[in-house]
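Should a chain be cited, it is by its letter among A, B and C, assigned in written order, with residues numbered from 1 in that chain.
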Amino acid sequence: MTSRRQVVKFVAALVVLLVLVVTVQVARERAYAFNPIEEDVLYVRSGEVMKRASLSYDAVMADVYWIRALQHFGRERQKEPADRHFDLLYPLLDLTTTLDPLFTVGYRFGAIFLAEPKPGGAGRPDQAVELLRKGIASDRAKWDYYQDIGFIYYWHLHDYERAAEWFRRGGDVPGAPWWLRTYAAVMLTRGGDRQASRSMWIQIGQTEDEWLRSTSETRLAQLDALDQIDTLERIVAEFTKRTGRRPQSWRDMGDAGLIRGVPLDPSRMPYQLDPETGEIGVRRESPLWPLPTEPAAAPELTNAAPPVPK
Amino acid sequence: MRVIRAIAISVFKESVRDKVLYNLVFFAVFLIGVSYLLSQLTAGQDVKIIKDLGLAAMSLFGLFIAVFIGIGLVSKEVEKRSIYALLAKPITRQQFVVGKYCGLVFTLLVNLAIMAVAYYAVLGAVAWIAGAWFRPQWGAPALDPALLKAIAMIFLQLAMVTALALFFSTFSSPMLSAALTFGLYAVGHFNADLKNFDAVVDSKPVVFVAQALYYLLPNLAPLDIKNEVVHGVPVATGYLMLNTAYALVYIAVLVSSATFIFMRRDFK
Amino acid sequence: MLAIRTENLTKDFRVGFWRPRPYRALDRLNLEVAQGETFGFLGPNGAGKTTTLKLLLQLIFPTSGSAEILGKPVGDVGVKRRIGYLPESPYFYDYLTAEELLTYFADLLGYGGRERTERVSALLDEVGIAGERRMQLRKFSKGMLQRVGIAQALLNEPEVVFLDEPMSGLDPLGRREVRNLILSLRDRGCTVFFSSHVLSDAEALCNRVAIMAGGRLVASGRIADLQAFQAHGWELVVGSLTADSLERHRARVRRVTPLGHDRYSLELPLEPAPELLLRDLIAAGAHLVSLNPMRETLEDFFVKKVGEQPGSRFVDDSPAKAS
């Protein structure tokens, strides 16, 4: 057998075998469906263990966990709102920040999306605060973390005393911006209002981080929507006063000469008017849905006296 | 000196002809590939991650070179018996050991230097594509000269690991030398736990032993400033100077021990 | 000043893993080699030849005793500038070319610049591998490596040259070349110390020899002086010898070896003089082919002496155990 023929035979056999390899796998997967584990599995949850295991490569491991955190977040966001769990977000961010305590973006991402109520986030402001406290322990000069904690207490937990406390402490950090003390004062006197919220979100949006900027823009648009809804509600009340009944649609209001055309929210989607209750809100399809619950609008606090500064 | 230089150059030549420098190709490909893939994935952290990966790769590749060539530095010559003709020349055994060490360290230096150039090139390209040389969320500029400090510390670590490998190479087999060197490298990173043993264990003699070990075993963790540099945290020159002094002293201990052992060996 | 001198040079090795016992590889060697001599260091494998060489080059350290080269203790760095060494079955760095290896060694010997280049070239020519100077050593055959080995041993025009089994593994051409080389070294006044287990080499080349066996020196001196090298008979080869003549003189002959075509090799005792028998045979019609004295060969002597050695070389074995 000449060597050329040997080569040809070998190549032919190789091709056949490789095709077989692929075919057998495909057949196996068809017959016994391979269910990829839906959940991301986290084998090691302890940051300390991981830190030791990484030897001096902990920064790279932190980066790996950061990427995993982002992917987990992204995947959850793609699911139906009811299915979103964000279970691993805190452990992953915790690992990231234990491996690299200076990894600011990890803490701040957690601050926003751990505290954010479902379905936008994990709905665990307590975990967010936990994470940020760890950040402060490793770097006391980071006033951003104090601000983030204060904001969580204000916006999500509606605890004005604590919010004021954290804003004040943040203001004490050398190099902190002037407006942290202002927020502290605002917390204590007005229990927060839309204007304060708006200005806080504008501050948060002063960042190069794309995801943070877009979050703040959405929030500001939502606050604008709330303003607009207030105005629309006044107009609806006017309508009721004039006609003695609730408006059935925007048309009604238009016919009564109170508005011109269908009112659109800041994302150019029409508001919806509930004929039964007279409530105005954004449509479900609008990117601004759902509108946030404002701190001062929380029912349990409407009648409470403003807290006395200590 | 001339003798040491001649032996060092022969080690460098051998490494080059063993195609060790091909690792640079992998390094460059790896770094470029990763930076290409990362740009979408990381919410603006791509420069930080590339910096981290570059430094980690430099450290890791260098470690493998230091260990795998280091363990054979002496033992290969003895095993293959090329050392017979060599020691018949007017050189001392001390010159032989020191020359071999300097040769491998020089190889590592050249390797790191080329990697540093590739590293800065990739960072420059990424920053140029991103349109900015510095963004606040990066913590430090893309082409940060402080990265050189981290690279210098990596070089010192590698010099220490090489000295370890050389030391073992003078009396034990390559396999055992590799295991011991990697082992001490790992231990050298959790030294801090030994120092704080008194928090864990009550017995005084045990704590004493643990602390003695902390000081005597190679303490590599303080030489690791990669994280600080990437985040733009300034590193004091005094700290670097002390690190350098420590490394030099420790290396002197290892190399002189290696020389001492080697001077008394019979070559069967 | 002697070229080489050893005094009670002894080397014990520890043999065995669990309870190492000392094994005497070399026992109280006393040797003297004058400058300019070609000295053959002979003995069977395991006799201690290589051990002695390594002790002289300080590749290993003696258990007791001492050695000097050119008046200085062994291992003196200055002396190493004046000696050359060819190891047995040499291995050099196979990633280097022949030229690079010699240049490296010349550098270590202290030569630089132009002198170094010239020396390297000269030696490459002398050993006949100038054509392969740019070839990597990994591609060299055994014979070529041996030549490289010789070249590196002679780079510094040494006063004393140590050759460990220089002929081993060479084909007849190679052996002839090495032999000529040793002769030329002798002509230059170089002291040549070479070890071998091939006795015919020694016979052809050496002024003096030493014979080692079992770690001990069993004989040394000029070849001619070594007692057994006296003739003990004659070998007479004659032609045209008829069977009759042979039968008639058979009693005067110790042994007959027919060589075919009426030619015979006759072994005669030392006395009476062989000319007498020769005259008679010629008278009977035979003719002379050759007449040579028969000496005990070095090989016979060697085998006899080696056979006299005690069995065990373990130091702690009692003499009673020796066979």
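Note that contacts are C-beta pairs under 8 Å (C-beta built on N, C-alpha and C of every residue); 3 or more make two chains touch, one makes a residue touch a chain.
Just so it is clear, the model here is predicted, and its values are computed rather than measured.
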Which chains are in contact with both chain A and chain B? none
Chain with Cα centroid nearest the overall Cα mean is chain B
Rounded Å distance between chain A and chain B, as computed from the means of their C-alpha atoms: 42
Any idea how many Å lie between the Cα centroids of chain B and chain C? 50
Based only on mean CA positions, could you tell me how far chain A sits from chain C in angstrom? 90
Using the touch rule from the top, collect the residues of chain A that touch chain B in their complex. 52, 55-60, 62-63, 66-67, 70-71, 100, 102-105, 109, 207-211
Help me check something: in the complex, which residues belonging to chain B touch chain C? 2-3, 6-7, 10, 13-14, 17-18, 80-82, 84-92, 264, 266-268
In the complex, go through chain C and note every residue touching chain B. 13, 54, 57-61, 77-78, 80-81, 83-87, 90-93, 95-96, 100, 104-105, 107-110, 149, 152-153, 162
Over in the complex, which chain B residues touch chain A? Could you list them? 41-45, 48-49, 52-53, 55-56, 59-60, 135-137, 139, 185-186, 189-190, 193, 220-221, 224, 226-228, 230-231, 233
